[in-house]
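Each chain gets a letter, A, B, C, D, E and F, in the order it is written, and its residues are counted from 1.
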Amino acid sequence: MIVDVHGHVSAPSELYAWKAGLLAHRGSHGVRPPRISDDQLREAYTAPNASFGDVSHFHHLDTAGVDVQLISPRPYQMMHSEGPARIVEAFTEEVNNVIHRDTELFPGRFRGVAGLPQTMDLTVEQWVPELRRTVTELGFVGALLNPDPYEGTRVPPALGDRFWYPLYEALVELDVPAIVHAAGCRAPAREPYSLHFIQEETVAIWSLLSSDVLKDFPDLKLIITHGGGAIPYQAGRFLPSGVRSGATPYLDRLRTLRFDTCLYTRDAIELLLKTVGVDRCLFGTEKPGTGSQIDPATGRWFDDIHLLVDEIEWLTDDQRESLLHGNAESIFAL
Amino acid sequence: MIVDVHGHVSAPSELYAWKAGLLAHRGSHGVRPPRISDDQLREAYTAPNASFGDVSHFHHLDTAGVDVQLISPRPYQMMHSEGPARIVEAFTEEVNNVIHRDTELFPGRFRGVAGLPQTMDLTVEQWVPELRRTVTELGFVGALLNPDPYEGTRVPPALGDRFWYPLYEALVELDVPAIVHAAGCRAPAREPYSLHFIQEETVAIWSLLSSDVLKDFPDLKLIITHGGGAIPYQAGRFLPSGVRSGATPYLDRLRTLRFDTCLYTRDAIELLLKTVGVDRCLFGTEKPGTGSQIDPATGRWFDDIHLLVDEIEWLTDDQRESLLHGNAESIFAL
Amino acid sequence: MIVDVHGHVSAPSELYAWKAGLLAHRGSHGVRPPRISDDQLREAYTAPNASFGDVSHFHHLDTAGVDVQLISPRPYQMMHSEGPARIVEAFTEEVNNVIHRDTELFPGRFRGVAGLPQTMDLTVEQWVPELRRTVTELGFVGALLNPDPYEGTRVPPALGDRFWYPLYEALVELDVPAIVHAAGCRAPAREPYSLHFIQEETVAIWSLLSSDVLKDFPDLKLIITHGGGAIPYQAGRFLPSGVRSGATPYLDRLRTLRFDTCLYTRDAIELLLKTVGVDRCLFGTEKPGTGSQIDPATGRWFDDIHLLVDEIEWLTDDQRESLLHGNAESIFAL
Amino acid sequence: MIVDVHGHVSAPSELYAWKAGLLAHRGSHGVRPPRISDDQLREAYTAPNASFGDVSHFHHLDTAGVDVQLISPRPYQMMHSEGPARIVEAFTEEVNNVIHRDTELFPGRFRGVAGLPQTMDLTVEQWVPELRRTVTELGFVGALLNPDPYEGTRVPPALGDRFWYPLYEALVELDVPAIVHAAGCRAPAREPYSLHFIQEETVAIWSLLSSDVLKDFPDLKLIITHGGGAIPYQAGRFLPSGVRSGATPYLDRLRTLRFDTCLYTRDAIELLLKTVGVDRCLFGTEKPGTGSQIDPATGRWFDDIHLLVDEIEWLTDDQRESLLHGNAESIFAL
Amino acid sequence: MIVDVHGHVSAPSELYAWKAGLLAHRGSHGVRPPRISDDQLREAYTAPNASFGDVSHFHHLDTAGVDVQLISPRPYQMMHSEGPARIVEAFTEEVNNVIHRDTELFPGRFRGVAGLPQTMDLTVEQWVPELRRTVTELGFVGALLNPDPYEGTRVPPALGDRFWYPLYEALVELDVPAIVHAAGCRAPAREPYSLHFIQEETVAIWSLLSSDVLKDFPDLKLIITHGGGAIPYQAGRFLPSGVRSGATPYLDRLRTLRFDTCLYTRDAIELLLKTVGVDRCLFGTEKPGTGSQIDPATGRWFDDIHLLVDEIEWLTDDQRESLLHGNAESIFAL
Amino acid sequence: MIVDVHGHVSAPSELYAWKAGLLAHRGSHGVRPPRISDDQLREAYTAPNASFGDVSHFHHLDTAGVDVQLISPRPYQMMHSEGPARIVEAFTEEVNNVIHRDTELFPGRFRGVAGLPQTMDLTVEQWVPELRRTVTELGFVGALLNPDPYEGTRVPPALGDRFWYPLYEALVELDVPAIVHAAGCRAPAREPYSLHFIQEETVAIWSLLSSDVLKDFPDLKLIITHGGGAIPYQAGRFLPSGVRSGATPYLDRLRTLRFDTCLYTRDAIELLLKTVGVDRCLFGTEKPGTGSQIDPATGRWFDDIHLLVDEIEWLTDDQRESLLHGNAESIFAL
């Protein structure tokens, strides 16, 4: 039994053609979503796809043994930094609707994780209704939390800032986790979105652990993606500060967060598991996606993270079960 | 025989889904265009389309008696204000390629009008190679000229400014007309792109006629779309200035430009024809597009401009022929 | 009987020399207005003036048969974008005072239309007292409303924005119309003020008709100058949207506004009258002003709009009377 | 015999009304100056004027015994920070023309000091032709140099910066002095123009004496107005630095400049004369102007600087002559 | 008996090395101040110092006969424009603590004048607790008031602005004077901090006397340093305005403020005393500091202001006593 | 034998007090460095220091068995983003001089690594002379390269940009390595400098490996500090892109760089060694510094990296020797 907490929706071209239109007419054609048939939705999962290494989304899941995947919007497509706000709202809502239809078309295979309309032209309070709608009406089990709604164009408040509290309150009230995952990245930032994810996760952890967020919201469940950016690797750098200030030791503070295993080398996954503990880790692949390429050296898909986990011999059976599904079932109440 | 100088490409969703991706990953996935089959290209013209009033592109042309249509990129999709420059270049090139394939798939039906990669992160000189490629290699008969590459986000140099001279030089050298047509429009501008077209055309005419452009490039052929914005209606306002300065009378200066008939009321078309002269006007419909809606009062499509022209009784046969195709054949060397 | 709703004050040099001083010392000499005698005020109307074609203001009115003219401040002199606010307030107040004195010096000939101190360093609420003063104490019959207090230097809220509601409320409460008329225009805008008028009127109509202003203020009387910018000419472009959204047809929405005839060609005036209806139009000339120049082709003043109206044969007598004075008398309660 | 080096032109309202127009239409009416008759020019000097304490310009000169006055444009009216550049150029040129006509209308009474078109939209090189024209064609004896062409809106290069070298070169070549005198002052600066003069003079002296300007242009003649701002009073503050760096002693460096006596208290004038030496001082009154008000305590005009000089008993006859006219005659080659 | 109201703390290198660290790590090492021993504190006053002309702080005081010196933070070191706010707060507090320890180590020799944490990232209200702490807990007798917390980087509200009222209220409530003294100065300002002091004092006086501050706070005691910038020298310039507006005469308004004698030439000191009156002046030297250099011409220290005062023969004995200590004792309640 | 390539200078308070002064007076006191005696320099290494855990710099080196340490300026103190440029130049030069004196005072113990005056107010070419001076005159063996001279205040060109080429050319010509190490970090950046190091190293590697730098400069030796930021941990994320583009495999590209071992956990060090290869790694501790704190759990200093290396059992003797000194000796030509 495998639960993959880090999957993203696969959707037909019509959805993204509509998005291109929103960005072109900026809402002056209205924001009515396109008609997409169930067949089109199904084909997005069952047809081979050049972006996925010429196999289908389901082929990836099946060969990796993923029984249940949590799917959220493709983060880099979320366009939080675009305007006016209503095109961000419309696109977010429709992507969530597509995800919901996917969960119904493939019962048991998927669980929904919501995108939120995180444009800075709205208040954080105004992001919450979509969280509420997806959780209470569409049965979603969590939400993405983009720590940089400006998408590289300006410096946002860090996650330790009280700016984010209305969202934390709603997450706690609805009792669902947030998956911390940046969206796009544009100039003047220098890095591509994929590296921006890592940078933002690094700042996110630093900021959260330097703040009172987890004290103020002890029931808040935050999952940092891609293995926590740089932090598990650089954790030693932060250990002394814990000592000097007499605060909770840094590694203990780190364990107030959760992390997914979306790292494509075994050494990195091992480092993560050792640093934060297996009980704080959730199996996640981002599959199909960035890593859906055959490694010529091994003949494996780079994102065959389950094979990397299999190779970690020191994991006990219990730990392995927890990692592959138990922790996810527990935190997401699957 | 009717030649419609103001048509835009109809393309499959795959093209725009690719564009949405470019705007999301900003080129970090590369800029390779999607595979689009000839069948997909054909279907974009032959299948009914909700945006076109639930009939096909060809249905519009056929019922309107359009024999030949000049097709250019959909201007509001051109994304000149986005970055980095290479995604603008890639998208422009691919749209031009699609137009070229369309002209080959439907021989005689279409003639290509090029989009140019008018990002301000390139120099005007750097826009020219795509003009050259489309005209000399793909057989295009002209190009769109967007007077506001900033798409509403900043104030660009007006068309009378020497900034634009490298493009004017290339147009004259290649002996092809430019169709002046704005692209998108974003905040802080207040207006939707459709109104932005009108505003930019108005400023364009004012700026050109206040400058030496037509003196410096007497062979430059510029066609102002949508009947010239506000200028023919407001022409009286500019007549006195011509007198005071002893300059060429304003109406004569106005006749150094050409105008299309893309106006959806007969009175407006008549005003245009009377103000600038039938010999300076070209039949253009933007069909299918903004006006592809049935007028409940008449049962006609709003963009059935040929019917409006038919009703103008004072046109001589020669004038009518010139308007419907002769002027276009001459200026575009069809 | 002719009532001209679009006239501007003619004032002695002393008034504008004082203004030049305000802009030079920025209020540090105080803002006390200059002493201007009644004779100086009279002479501004009765003496030949180079800017008016070397005849007097009254000569223009008399030969055009204008019995009553509504006079407001010269808009391009209003300096709404200058600072500090108190020099804008002082100048506005004094120009209104001059207008008031003119109405008393020439009883029956003039009716006052107020300028308002529309600096963005004040709130809209702070513009209202001058409206109230001029209407209730000085007997003014309306006010100018500049839709761009930034005068081209930044993008202001469009007239459909709630930003403007305090002014709309006061206009309704006092039951006087507002004449929508931009003021000056400076860099970075590209256009001269005269073209800026047209551009702003175009956006103003678009914004008003896309908003709820006329629903929220059904008694609000707004007169768009210069024949409504580009809109009557381009009206066809907006007809389809009315159909798509199931909203009130665009032409009907257009008739919630009024328009003056300040256009210097007969074709344009006819287009206006046909598009919005004679009952929504008011005779206005801007005379003497931009058009006060003899047309060498006809020997007429360009701004002899009454002659253009005379030539429109299809107007009934009733329509002609309404246009030349009835509509104005009604809406301004003359 | 008294020569007053610090006088400003008195001009009819028509000149400033024209300026108000330039600032309103920004050149779109053209920049042709108004017709001003010789009688109007004369009356500006001979008629009582409220701004001058209800007496005339000549009354001030006559009662103060001023035989010759150097007149330059009213600095606070120079509008160097306005745009576009051609309205600054036109206004500057016309004011200089008026000054020239004044020198011809009242032979022997006035000598011209030019304003320069110091807009930052031109290069310093582009300011020079007007200097050349006024000196070589109109017989002017010097020019104003505004150290802050931004008029308080931004921070300009200080006078010690190489930015100013093209102007210094031209002054030396034409062998005429420059009178350092700021123009207007606007937000975000906090101070009125009159205080801005003082602040800019203070920075000007500091910057010049910290730079190599006077070494690079040993023949450059710069006159700092209003007694040199704060520097003579605060000179002690700068003495130690001279010692530390082994440079020319500060007071000696100060004597590479000239100063006018435009200070309205005897103590201040004495401090100036003692600090920089009588040989570096020129009699100047700014009369009529800021100080043209009767002091209720003494019954004198505040700007009766000749009376203050009379009271300074320690001046020798030679010094007195030098101060009142000799130094000016020498430096201006009168 | 001499009381010097204008002295600044002399502190060991450890204090400033700590400050350099704060500016480098921006608080991420925490803001705990360094351990500084009493011996180190004492040595800062008793050891010869290159910056003081190779003698000690006490040598300066002793040879000048200063019995009591008011010491405040070195203003140019106050770093009000740096961030985050807590490093400004920490440094300010620690400097005040050092001053307090100095007053205890050398009983009777020093009285403390507080620095305030004037960062614009705090509100004015948030500056007040440190004033309260130093006065009520540490026995300080006044505070520095920096009129430009932006230190040249932006334009702050002038002292006449209501922005400053919370501080004025606290000063009045605690019944202590404020010494107006700018801090540092950075680009884009052109001037060094030492000249910035003068410029800011000049604006401060102008702004205060143009405002209602002294009416609203009749008990507010403000001491303008460095002899009041340019104002006493330029006072004549402001006399007429007093007359025109019928306001309190300017010189009387000037006497609502106090001034120190920190000017290094006798003529300047005399001008000050005559202009504002001996009763408004306080002996102040800034010693050791800018002027602690031997004048090669006289063999004296430039900042030997007591010698300059000695030479002013017209002072009565009473005036001399008031100037050297009486006025200070009274206003500071020593 | 151990060579530690990542050490920073320990300097007396006088150096940093001087720096605090430079930042306060911005160069207006001149930029002459303070007198620091050899004894003061020695004491900085031999005296216990609170920042170092109350032992001395040498105590750290001796107990860790470090024979030779490369010392460079404390990066967070480098103030590259301050101005004017000459204070950055002066401070950089003096710190380099102190380092040079240290190498002479403790022969054989230290080797110098230069700071460069990396202010963006200078060109990159202008940074080179100090590199040249330190290498050719002072015998330094390399230089720090700060990839973010703006220190968090703006986005700099990434290291793959041609902006940096003049520096790369000089490094190659002088045949010395550069140690990539960020300096300070200020708002608007969110992170403390210590985390900024990690973020900048991550971007640096990404940018270098996405560019042609190592192709254009095959002899360029770049050492990325702190184990390469996030990259070794996240390397899997970048592997697929290597495949898709047919480029050199990512891990091979990674091996064109070097890395130090400045990571404070054994797992992280092992991950680094495995990912990039022992031959690309250099022993570095940053000792004494951030990690100079006793770990209460182990009783060891956190920065006792030699102990972590000792525990890595799979290292061969040769690898261990290379890591601890051989690689450093080779690349730095020790």
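In this section, contacts are C-beta pairs under 8 Å (C-beta built on N, C-alpha and C of every residue); 3 or more make two chains touch, one makes a residue touch a chain.
None of the values given here were measured: they were computed from a predicted structure.
Engineer: Which chains are shared contacts of chain B and chain C?
Structural biologist: none
Engineer: If you take the mean of the Cα atoms for each chain, which one ends up farthest from chain F?
Structural biologist: Following the centroid criterion, the farthest chain would be C.
Engineer: Identify which chain pair among C-D, B-C or A-F reproduces the interface of E-F, meaning that over half of its contact pairs, matched by residue number, are the same.
Structural biologist: Copy of the E-F interface among the listed pairs: C-D.
Engineer: For chain C versus chain D, which are copies of one sequence, does the interface use mostly the same residue numbers on each side, meaning over half shared, or is it different?
Structural biologist: same
Engineer: So which one's got more C-beta contacts, A-B or D-E?
Structural biologist: Of A-B and D-E, more C-beta pairs in contact link D-E.
Engineer: Could you work out how far the Cα centre of chain B sits from that of chain F, in whole Å?
Structural biologist: Going by mean C-alpha positions, chain B sits 57 Å from chain F.
Engineer: Between chain D and chain E, what distance separates the C-alpha centroids? Give it in angstrom.
Structural biologist: Centres of chain D and chain E (C-alpha means) sit 35 Å apart.
Engineer: Give me the residue numbers in chain C that touch at least two other chains, ranges are fine.
Structural biologist: 194, 244
Engineer: Tell me the shape of the graph of touching chains, choosing from line, ring, star, complete and other.
Structural biologist: Ring.
Engineer: What order results when the ring of chains is traversed from chain A, passing next through chain F?
Structural biologist: Once chain A is placed first and chain F next, the ring gives A, F, E, D, C, B.
Engineer: If we count contacts the way the header does, which residues on chain D are in touch with chain E in the complex?
Structural biologist: Spelled out, the residues of chain D in touch with chain E are 154-155, 157-158, 188-191, 194-195, 198-199, 202-203, 206-207, 226-227, 229-230, 232-237, 239-240, 243-244, 263-265, 267-268, 270-271, 274-275, 290-296, 302.
Engineer: Give the list of chain C residues in touch with chain D in this complex.
Structural biologist: 12-17, 19-21, 23-26, 28, 35, 50, 74, 76-77, 79, 83-84, 184-187, 192-194
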